[in-house]
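Input: one structure, supplied below.
For clarity, chains are labelled A, B and C in written order, and residue numbers in each chain start from 1.
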């Protein structure tokens, strides 16, 4: 059982650490630019850092949902690999955004593409399980028979 | 195993897509009202759109937790149905909020009522499992015997 | 199966209720200080309440990920106990932050320490499962043999 989701759990823990790291960078930026809490605006660089983290926060539960459904219903290894790529895209996004407003775009678009892949895999896996469960018809088994 | 949570997974993926859709609408509103990132205030319509999305973001992990505990420990079909209703309530909330500040209320109250239902089902299911696991006393089995 | 995660589910539902409670306190503070939505700034006390809730929102998915991996791969009882402590730390944080900016620190540092513990347990459990699954070498089984 645990083996079915060990890679997903590993990616989840790593991505949680990444989220913590982003929060910590916001704190560091607060100090650097002397933005006293609860203020969330100040120097432009702080504003960008804060928005970058907020955007990562917004997408984190979406990412986890897509990762786990893709990994559970389609393929754990592929989903985990895409999950690791997503973390890298978010890394690019975050550090690009700190540099400049335009700098966020590459990482952001990559993270979106990976999220679309994960969601598609998850939806495909769920659709197949639906057919298998309720109509006793499994596309994956058919494919395996043919190839 | 997978059959136990296929509907929950389907609702989760759909709600993740809805969250993406809300984020995309904020992006569109940014363009329309020329609110350049990282700014998060500008035209009143943009402010409302942004706050609507932020509120959905805040409640999304709460929703997922309530959905899965209700579905796992009480009844998958009922939880998934309530989950779909919650998505509809959030849709009403979001588009109501874009129109006017008052417009958010109907959808918001509905989403809260559904969240309370899901949490109650989850708590009831967990409570029953507790009794079953630690005291070997299952209310649901008793009820099934009587009716 | 359900018995493996009943305590984790109970802590998750309770923490979801706590998140709702925090959101409700922000709403109450809105009324008290007459901060009309979609505005998110106003009286200093409201600003602190709002930031306190936002910080709890940011860390909530991280907490859930750490709780479940620690509980699933290491030990359910210990993870649930730490989860309950985390909720208490967040309670101290939230109410401390409402009082003053400095008041948030004790609760915040405690919540971080607990999060580090949970993540460490989760990482240790995942690491052990990795060895067990892919190298057929289980540290926990060895330890159990020796003591």
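One rule holds in what follows: contacts are C-beta pairs under 8 Å (C-beta built on N, C-alpha and C of every residue); 3 or more make two chains touch, one makes a residue touch a chain.
Chain identities (UniProt): A, B, C = Microsomal glutathione S-transferase 2.
Worth saying up front: this structure is predicted, and the values here are computed from it rather than measured.
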{"item": "Interface residue identity across copies chain A, chain C - same or different by half", "value": "different"}
{"item": "Cα superposition angle of chain B on its copy chain C, in degrees to the nearest 5", "value": "120"}
{"item": "Distance from the mean Cα position of chain C to that of chain A, given in whole angstrom", "value": "20"}
{"item": "Where chain C touches two or more other chains, by residue", "value": "57, 61"}
{"item": "Chain C to chain A touching residues, read off their complex", "value": "44, 47-48, 50-52, 57-59, 61-62, 65-66, 69, 72-73, 97, 101, 104, 115, 119, 122-123, 126, 129-130, 133"}
{"item": "Residues of chain B touching chain A in the complex", "value": "2-3, 6, 9-10, 12-13, 15-17, 19-20, 23, 36-40, 53, 57, 60-61, 64"}
